[in-house]
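Letters A, B, C and D name the chains as they come in the text, with residue numbers starting at 1 for each one.
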Amino acid sequence: MNKEFRVLSRPYMVWLSVLVFFPILAMIFIGFSNLDSSVSIGEISLSFSHLNILTQSSTIIAFRNSLIFALATTFICFIFGYFIAYEIKLSKFKNKFVLLTLVILPMWSNLILRTESLANIMSENNILKSLLGFNIFGNIAGTWMAVLFGLVFTYMPFMILSVYTALEKIDFALEEAALDLGLTPLKKFWKVVFPLSLKGVVTGSIMVFLPTLAGFAIPKILSRGQIVFIGNIIDNKFIYTNYNHGALLAVVILIFILGSILLITKFDKEGETLL
Amino acid sequence: MEKQYASIKDYGYRDFTKLNKIYSIIKKLLVILIVLGLYLSIIVIAIQSLNESRNLSSFTRLSFQWYLNIVREQELMNAIKNTFLVSSIATVLATFLGTFFAIGLYALSKKSRVLWMLLNNVPILNADIVTGFSLMLMFRLLMVVFPNIFGLFTLVMAHLFFTMPFVILSVMPKLKETDPNLMDAALDLGIKPYKALIKVVIPAIKAGIFSGMLLALTMSIDDFVISYFNTGSGFDNLSIWIYAVIGRRNLTPSVYAFSTLLTLFTMIGLLTYQFLQRQKKGKNNEKNSTSSVSSQS
Amino acid sequence: MKKIVLVAFLLSLSFVLVACNSKPKLRILNWGEYINDEVVEKFEKEYGIDIVISVADSNELFYSKIKSKTTAFDIVIPSDYMIEKMVEENMLLQLDYSLLPNRSLVTYMDGVNQIFASMTETTFARSGLNINYNNYAVPYFWGTFGIIYNNRVEGLEEALEEHGWAVYFEPNNYFSSARRGMYAVPQFAYASAMMYLGNNPNEYNSALLAQTKTVLQNSNFVEWGNDTLKRNIEANNLDMAFTYTGDYLDRLYIQLSEGKTLEEVRATFDIYIPDTTMVFIDSMVIPNTAKNIEGAHQFINFLLDPENAALNAEVVGYAVAFEEAFDIILSYLNSEDIEMKNWATANSIYYNMEIERTYYPLTSLQPSIIDSISTMIDQVRTG
Amino acid sequence: MENKKALIELKNISKSYDDELVVKNVDLTIYENEFLTLLGPSGCGKTTILRMIAGFIKPEEGEIIINAKVFNDLPPYARPIHTVFQKYALFPHLNVIDNVAFGLNNRTWNYLENFYGKAKIESEIKELSKHKPISVKKAIKNLIYKDSLQALKLVKLEGFISRKVDQLSGGQQQRVALARALVNKPQILLLDEPLAALDLKLRQNMQYELKEMQRNLGITFLFVTHDQEEAMTMSDRIVVMKEGVIQQLGSPKSIYNEPINRYVANFIGETNIIKGTYIKKDLVNFLDVDFKCMGYKFAEGEKVDVVIRPEDFDVVDLEKAKLVGEVVFSLFKGVHNEYEVKVGMEKLLVHTYESYEVGQPIGLTIDPYEIHMMKVDDSEQGV
């Protein structure tokens, strides 16, 4: 591309630098200072006293919950999401764009509405039961199964999109070559298709893992408040204007995020499969 | 001489033809189940919107009253209007600016392009609550100069911040796919660089721009946390409104009706698009069939 | 090129939309669905002012919205303890009663006056300031808290009437299989446990914190929710929950409007209001960032008219704060209109002012105490 | 040819895409150890035939018989056939040697034991066990590695074993693709325009090498190309195709010299096609002159097309000439001169070593055995 166009990227560089670095620095600053609503500019000082929040049993358990659920969600999304992405790729339906849009279409409805409606039908007595006469979920409201179900089916579109993008880029001739060299379709999948789609799996996994790890609305609604995620704790800290603790916990999340970004760059140099 | 048929077993493979049939049935079942899972909440919302009763836990009678009621719910209508205003402005701006920024980034040397694409990932992957809160802190600083900044402006800016990276991400691979000589050819024909950009490059990356736009819209329309921190002047979008109302009071079922309409209209739009495409293709095929032999590869 | 035109068009459209309303505006920060649209329309018509309503779902969010100054709201409707905090932090304007002539038309209910007095008391105890909250706030709605319960559970109603809080907090002794839910606001959970223990819910020390923690842990709550509590009890997915009395009335009105009788509804689910319980009062205040102070006074004055207050109460399940407005509601007791009659009956049952009760409004606790309480609640919830 | 063993027989094969017949009732026998080329313009169905033999697509009609067995329903992986793809289709996630060993690495142990034979495996075990005992699997792995190395040596790439395939040039990639197919010791190697992406010099080298390899390895090569020169250089037999139908099958020489119709004549190199009349046995009239000819049998007086290759004209003195024309265009082509000679109304293309100027008269004769005749076929309008 013409070097002349480099100038087009300048405004974005400024925009990104300011809006990416300033917030992160602000978070770190608030997390490690005594700044709160009652402190005036002159009295600001460094403070590590907020670090005690990290050792609270509730924080640790919430972190554990977030991590376990994020990992489980990512894994299930990977299995099912990959399957769907592969089926879309194999489908004889020519217009893949329409299929992909159908996959993300549920995301256009409000997340809270969707989650509430799931919570509704997971309860013992619900609207579907009154229509069908039986309960499709049993009574799983408030259990880990309810939360997992909600997380998996909310974030799966990210996995499907990323994996599909990677699958689409695989030259069909490679698959033919594998068959030609004596690989059965199953073996062809494991030896050629899957390794070549790994980029998309990594990106998709991160796209699922991070919002699950940092999210709070879905566990709050679907566990009926019984399973606390780290996001719920951060959310509460912000609501009750304890910005220091909130920011500190957010910084921990941020470390995960930066780690993920590094991981992505290792697998996928220019972020080609990130959706 | 009798015909001999080669069998797959002669060549060291087992015959899975029967298993394959079962497998394909299981596969179809699984696809249906997963798609049902993805759409389960949407289906329930649709059922709730058709329930005459405000009671969400039992279906009394079929009724379309909540659909008619949408226009009468002032706060809801206002929230819908705001959502569309913010999301459409943010999406159009993000698509427009994002495309040109992507072209700019693409023109950079490979090393610095990788670096900036790395930073480009941050708004996508960052936790909403962190992004929302920190953007608010930023805009607070600007309030010294522009006291009435909070509202539409800050909302659009915040939405731009997290939607633009999606556009750039979608456009970039398409830029890489374009013929590097495309631009030179246009310049060679005496077209000025920026005109060539619009006339030659943009049409070549149209698909990427469009999918970027779709993603940007998807992200923008359902955003709650970031909007929440950056709104002002009563400029609440649908997510903020729903969250505030659902927290303590009853949500009018018209919200479900609206949500269902949005899904339905998009689906109808998609199907129409698909139908039109097919018709167009059919016509082209007819035209071409006499003159060309279709390629066999 | 087409896109540039489109952007330009949309941008200009948005500016037109934002700028075209040249009428003066009144920005209100309110709870969701906490106002009758008819009242809004009536006011807008009478005064030629446009009302813009923003909503939030917690007092703390009201506070942070005002504190962050991102929007200049003219009227906010926070609860008692938050008003204390806002006054102490100098965030509110004093009301100009010369602009509120309708004040003379209404008499505050006894309970309301009690709450205002109690607010003054706790503020004095905490900071030594002697503040008359009437100077800052005009009551909007008020109400009690109670235990909403599933009347399909045999004997639960009687047990609650007889043993009160204990039924709710002692699953080992009463209804061990009943599904209990708690309001997911740390201070509410703490306060309810404190009242069960016979304490003033506004007291705090580490021993009390440990005691309440044990109480809450032993209660085996299956849900920590908000509005979901009342819906789950209504749907027979939960048996007991501590919540606003207004939440119950809210569901009650919906059931009544769908043709059920009061008796039928009460037979499926009802609310028990303990003799010692929490109360709240939401009041209209003017933050010192307000732009349209005159309009704010006009609006407050408008709602001080008993007619308007009663009209507003028609869609909101909480109690009106003015005796005159309450009388208007009760006057429907003999109405032909069944809906109005039911509404009046419900008010007379659940906001019966004859019953002697001890009311505790929550006070504004120090951030560090709130933090300890929320951490305690988080620990209970994470098991 | 007749005493050679038939390896592949195509019987009455048809295939259509979107209701369009791209291969029409093709019959073809491919023998052991021959280099057969399918030649034709793009869209003539040659690649479709190749892909049907490889098993990627199924014929709608007819049978594919390999080693006397019907193979129609066998998937590609079960066929003793390997393909070199047009764009090589190397696996980007593997290095060069892993690409080459890919096919063998993914076979079952049973297959590999048969592939190498007990004796070979045992001798390998013996050889390797000198240092420490090894398993059969390890021995087979070792054999695969050795074979892959050998195959790479064959294509002169032994120095590149651990390169990533995207670090190779086009020619090198092409060689890896070849090695990857050859290492499996296929009976038949299908090559789908493998040289199309290479530049001229490289292409000519590869043509030579491919032919050498085929001769040395004793494998049947089925080659697909649209380049007649390539076909001429390498093939034992050529199949000229048009619109899904085989036009002519024969050795390069016979196709060149005795094209069966205008289409083949035009497709295989430059040629002169002149309208003539078959007068009687061994006598034909064209350009108003009677010529002696030999070996053709038509009805007396039948109109025929006479084919004369440009280099088959003998340039002679004017008085000895049977045809006298005028040079209207000349082009120096290095080895020879190319002239356009106008004889009467007809323009002829003539190759000769003699020099003539434009405008000069020129005398031509033709030896009887250089005159080829075809039935007049008006539908064949050349390429």
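Here is the rule we use: a residue touches a chain if its C-beta (ideal position, glycine included) is under 8 Å from a C-beta of that chain, and two chains touch if they have at least 3 such contacts.
All values derive from a computational prediction rather than experimental measurement.
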Touch-network distance, subunit C to subunit D, counted in steps: 2
Chain pair with the most C-beta contacts: A-B
Reference subunit C; chain at largest CA-centroid distance: D
Closest chain to the centre of mass proxy, which here is the mean CA position: B
Between subunit A and subunit B, centroid-to-centroid distance (C-alpha), Å: 16
Centre-of-Cα separation between subunit D and subunit B, whole angstrom: 50
Gap in Å, rounded to a whole number, between the CA centres of subunit C and subunit B: 39
Chain centre separation (subunit A, subunit C; CA means) in Å: 35
Subunit B: positions in contact with at least two other chains: 13, 56-58, 243, 246
In subunit D, residues with contacts to at least two other chains: 75, 77-78, 86, 107, 111
Contacts with two or more other chains, residues of subunit A listed in rising order: 123, 125-126, 184, 238
Interchain contacts (touch definition) - all pairs: A-B, A-C, A-D, B-C, B-D
Sites on subunit D touched by subunit B in the complex: 17-18, 20, 22, 42-45, 47-48, 51, 63, 66-71, 73-75, 77-80, 86, 107-108, 110-111, 114, 243
Touch list for subunit A against partner subunit D, complex: 171, 173-174, 176-185, 187-188, 191-192, 195-196
Touching residues on subunit B, where the partner in the complex is subunit D: 3-8, 11-13, 285, 289, 292-297
Of all residues in subunit C, those that touch subunit A in their complex: 58, 60-61, 63-64, 67, 89, 181, 184, 186, 221-225, 228, 232, 235-237, 367, 370-371, 374-375, 378-379, 381-383
Footprint of subunit A on subunit B - complex, ascending: 13, 27, 30-31, 34-35, 37-42, 44-45, 47-48, 51, 56-59, 97, 100-101, 103-108, 113-114, 116-131, 133-135, 137-138, 161, 164, 166, 168-170, 172-173, 175-176, 180, 183, 187, 193, 197, 201, 211, 214-215, 218, 221-222, 224, 238-239, 242-243, 246, 255-256, 259, 262-263, 266-267, 270-271, 273-274, 277
